[in-house]
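Below, subunit A partners subunit B and then partners subunit C, in two separate complexes.
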Partner chain A sequence: MVDERPLFGPRAYLLLVRMWSRSASQYRVSLAFTGFAQMLVASFDLISIAVIYTHVQTLAGFTFAETLYLYGTTRLAFAASDLVASGIESVADSIRLGTFDLVLIRPVSTLAQVLADQFTPKRFGKLIPAVVTLVWALTELPLHWTPAKVAVAVVTVLTGFVLYCSLWVLSGCISFIAVDAREVANTFTYGSEYATEYPLTIFGRPLGLALTFVLPVAFVTWQPSLYVLGHADPFGLPGFLRFASPVIAALLAGLAALAWRGSVRRYRSTGS
Partner chain B sequence: MRVYLTAARLSLRRYLTYRSSAAAGVVTNTIFGCIRAYVLVALWKERPEIAGWDLSDAVTYAFVTQGLISPMGIFLSNTELGPRIRSGDVAVDLYRPVDFQAWWLSLDVGRAIGNGILRSAPPVLFGLVFFPVRLPAEPVRWLEFAACCVIGYAISFALRYTASLVAFWTMDERGIATIISTAGMFCSGMLLPLTIMPGALGTVVQHTPWAAVLQMPINVLLGTQSGGFGYALAFGSLWALLLLGFGRLLTSSARRKVVVQGG
Partner chain C sequence: MTESIERHNEADTSSGAEPIILAEGLTKTFTAHKRAGLLRRERSEFTAVDHIDLRVAPGELVGYIGPNGAGKSTTIKMLTGILTPTSGRLRVAGFEPQRDRVRLARRIGVVFGQRTTLWWDLPLKDSFTLLQRLYKIPPAKYAANLDYYIEALDLGPFLDRPVRQLSLGQRMRGDITAALLHDPAVVYLDEPTIGLDVVSKHAVREFLRDLNQRTGATILLTTHDTDDIERLCSRVVAIDHGRVAYDGPLDELRADRDLETVVRELYTGRSLVDTTG
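Up next, the complex of A and B:
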C-alpha cells in the first residue's frame, strides 16, 4: 500500500536542504569563495567596532568587551537563523512570477519548502566569526559566572534564533501583500540585526523603547544581556523583562505562524 | 556614439519604471541611514571632534552615503553582464557591432542615473529634517562633488565589469565578485568613514580605488579633503583609467581565447 500522507514538515525541510546543498556544491570554487566572503563581511563589522573603540573607552556607557558580547550573541543568533530560514527571501520572486503555485500543489509543508529554498552551505561562513567573537568577548569580560547567568546566556542565543526566524517568516509574509516591498522586508531582518549589534542606548530613550515594545528586537540580546553583564537598565525598565525573552519569542513565533497561514490563503497567483 | 546614448537612455527608462520598488528601497536606505547615524552620534558624543569632523559632518556622511548606494552600485557585486556570460547569452552581445566595454558602460550608466533620480535625494532630505545634516551652499562645492561622483562611478563600474568578466574563465563569477564587493564595502567607507581609521589601516584604505567612490566625493562636499579637490580628482582619475584599461585588456583576451558556454 502506498503511504500518501504528506511528509512531516521538518523531515521535508531537511530533505530539501540536502538537495539544494548538493546543487550548490556543483560550483565548488564559487561556493568556497562565497563562504569566504560571508566570513569577510562579519570580520569587517568586527574591525569597525574595534576602530570605534580606538577613539573612545566607552560607547553609550558600554565597554569594548561588553559591546563584543552584544555583537557576538546577536551575530550567532542571526547567523543561525540565516542558515535555517533566509531561503524565504526568494518567496517574493516566486510570487511575482507565479511559481508559488508549484509550492502549493506539492504535498509538503509550504513553510518547509520556502525556508529551504536555494539553501547554500556558504551560510556556514557567517557562523565562524560569530563564534570567535563570542569566545573573545567571554575571555575579555570580567564576569563572575553563576549557573543562572550561564543559563540566561545560552537561552539568549536560542531565543534570539527563534525571534530572528520569526522575523524572516514575517518578512516573507510582507511579500504577499506588496510584492515590490522586498527591500522593506530587509529592514525587518537585516535592519533589526544591525540595530541590536550595538548597545540599545545609542538610539536614545524614545526609539529604544519602541525597539523594546513595538518591534521587540530588544529581547534578542539587549534585555537578557543586561542581566548577564550585570548592567543596570539605562532606560530604567522593570527587572522581570531581563527574563521575558522566551515568552516574547514564543509570542512572535506564534504570530509568524498565523501570519504565514493567512498569507498563503490570501495568495491568488498571477494573472499571466 | 549615438548607439551608446540610445542604449543608456533605454536602460534609464527601464530603471525609471520600477517606482514602487524604488520607494521600498528608499525607505530601507533611510532606515539604515538612521541606524548608521545613531552609531556615529554615540561616537561623536564621547569625542566632539574626530579627524577634523564634528557631529554634523559625521551624520551628513551617513546620509549622503546612503543616498549614493544605489547609483554607485555599492551593493551590486556585478553588472548585468555576469549572468549573461554564465547562461551563454553573451554570444549575442559579442555579435553586436559596438565596443563591448562601452556598450555595458552605457547600460550601467542608465541604471545609475535612473537609481540616482529615484533614490538619492530622500535619505539626505530625511537627514536634513531629523538629524543635524549640514550641506554647503556654494555651487562650486556641488560641482566639484558631482565631478568626484562621476569619477567614483567610473571606478565602481570598472571594478564590477572586471568582476563580471571573470565568468569567461571560471564559469561562475559570483564568488570572486562577492569578495570584491565585500572588500569594497569596507574600503569605500560604507561601514565607517575611512578618515577615522587609525594608523596603517587608515593609510591603506585611503589609497585603494574604493576611497574615491564614496569617501572622497563627500570629503570634497564637506571641504575636508586633504590636498583639496585637485588631489581627489587626480587620485580618482588615475585609478579609473588604470581599472578601465585593465578591463579592456581582459575583454580583448576573453574575445580571442574563450569559448562561450551554452547550447
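Up next, the complex of A and C:
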C-alpha cells in the first residue's frame, strides 16, 4: 500500500535546507563575502564590551568574564536559532506576494517549509564569534564547575535556542495580522537578543521585570546564569526561577505552535 | 510496472456517479477594514464567491472561465484548501479541502501559470528529485513517470539547465511536469498557456488532452484564451461576480455564434445564454 502519511517535518526541513544551500552555493563569492561580513558584524559588540571594561571593573555588579559568559551563551543560542529558524522572516514577503499559496499545496508541514525558506550557509558566520566568546569566558571565569553547574550551562544554551526559535515563529505569526509589521516582529527577535546580551540589571527594575514576566527573555540566559555564576538575583526574585527556563521554553514553544496553526488558518491569500 | 501512470477513473470512485469535485452553496466573503479616522475602523464586506454549486465527475475536463476578479482564483484556492470557505459544502477527492489540506495535497496537482514552483537557481531535474521526496513517490513509479514526461514534453534538452535560464515555454513544461509527477487525481491549471507562443501553446494543449484521456485525471482549467477552451474542454463553467453564469456543454455555448463573441457578452454582463438549460 502507498504510505499516506505526510513526510516527517524535520526530514522535510532538512531536504529543503539542502536545496536552499545548493541554490546559495551557485553564488560562491557572494556567499563567502556575506558570511564573513556576518561574522565581522557579530564581533563588533564584543569589542564594545571590551572597551567598556577597560574603564570599569564591574558593570552592574558583573565582571568582564561574567558579562562575556552572559554574552556568549546568548549569542550562541541566538546564532543557532538564527541558523535554523530565521527563514521565517521571509514569510511576510511571501504573504504579500501570494507565494505562500505554494506552501499550502505541498503535502508537508507549513512550518518546516517557512523555517527552511531562503536558508543560506552564510548564517554559520554568526556562530563563530559566539563560540569564541563562550570559550574565552569559560577560560577567564574563576569558577568551581560542579556537575550541576555544567548541566545548567548546557541546558541554558539549549533552552535559549528553543526560546528564540519560538520567538521567530511568533514573529512570523505577526506577519499574518499585519504584513508590513516586520519592524515590530524584529523587536521580538533581534530586540530580545540584544536585551539579554548584558546583565539584565542595566535596564533597571521595571524593564528587567517586564523582560522576565511579559516577554520572558530573562529565562534565556539571565536566570540560569545567575545560578552558574553564583550571583544573587539583583531584583530579589525567588531562587526556583533559576531553573524555570526549560518550563518557560516548553510553554513558549507550545504557544508558538498554536499561534502558527491559527495564523495559517486565517491566511487570506492575494488577488490572483 | 505494466502501466506506469495509474488511471484515476476506477481508482478514486466507489460508485461511478460520485463527483470528484462537489461544491454546494460555496461562498467566500472577505472582510476588509478601512481606516475611518484616527482609531475608528470601518468594516466592509466583499463576496468573492457567492453560493456556487459545482459537480465535476471523475475524468472530466472543465473550462472554468470568467472575467478578471470574477472569483475564479478564489474558487480554486478553496478547492485546494488554501482558503477556508465562509460557508457551503465542499469535497474534493473525498476530502474536505481546508481540514484535510495536507492529505489532499497528495491527490491534487496545481499549475499557476504566472508563478513557478521550480527552484530558480538549480537544474530543472533537481526540482523533480525534491518533489519525489516531498510527495514520497515510490522510486520505480517516479522513474517511469519522469521518463514519460521527458518524452511527452520534450524536456531532455534542458533538464540539466538552471530554471532561471529556461524560456517561458520550457519553464511551463517543467512546471506542468512538477505538478503531475505524483499522479494527482485532480489537476488545476491556472492560465497554463499565458504568454506562450503558438507552438508552445499547441504543445501544452495536446499534452493536456492526452493526459486527460490517458490517465483519466480530472482537469479544471482556468484561462482567458478561448482557443484553449475550444480545443480542450467539453464542458464550460463561467462565473461572473462570484456566481455561476453558465454551466453546460461547450457546443451549446457556441451553438449559433463564435465562442469569443459569446464570452465577450458573458463578461460584459449582456449574457444571452439560457442558463436554465
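For this structure, a couple of remarks:
The rule is short, and it goes like this: the second predicted complex is superposed on the first by the 266 of 272 C-alpha atoms of A that agree within 3 Å, B and C clash if a C-alpha of one lies under 4 Å from a C-alpha of the other, contacts with A are read in each partner's own complex, and residues count from 1 in each chain.
Definition applied: contacts are C-beta pairs under 8 Å (C-beta built on N, C-alpha and C of every residue); 3 or more make two chains touch, one makes a residue touch a chain.
No experiment lies behind these values; they were computed from the predicted model shown.
Contacts of A:32 after superposition on the shared chain: subunit B is touched, whereas subunit C is not.
By the document's definition of touching, of the two partners only subunit B reaches A:198; subunit C does not. In the overlay built on the shared chain, the residue A:54 is in contact with subunit B alone; subunit C does not reach it. By the document's definition of touching, neither partner reaches A:150: not subunit B, not subunit C. Measured by the number of subunit A residues touched, the leading partner among subunit B and subunit C is B. In the superposed model, A:181 lies in contact with subunit B only, and not with subunit C.
Contact with subunit C, but none with subunit B, is seen for A:23 once the two complexes are overlaid on the shared chain. The contact surfaces that subunit B and subunit C form on subunit A in the two complexes overlap at residues 27.
Against subunit C, the residues of subunit A that register as touching in their complex are 2-4, 6-7, 12, 15-16, 19, 22-23, 26-27, 98-99, 101-102, 104-109, 265, 267-269, 271-272.
Contact residues on subunit C toward subunit A in their complex (touch as defined above): 30, 68, 73, 77, 80-84, 101-103, 105-106, 108, 110, 112, 114-115, 117, 119-122, 126, 130, 133-136, 138, 162.
Taken together, the subunit A residues at the contact with subunit B in this complex read 27, 29-34, 36-37, 40-41, 44-45, 47-48, 51-52, 54-60, 178, 180-184, 186-187, 191, 194-195, 198-199, 201-204, 207. Those residues of subunit B that touch subunit A in the complex are listed here as 18, 20-21, 23-25, 27-28, 31-32, 35, 38-39, 41-43, 45-47, 50, 170-176, 178-179, 182-183, 185-186, 191-192, 196-198, 201.
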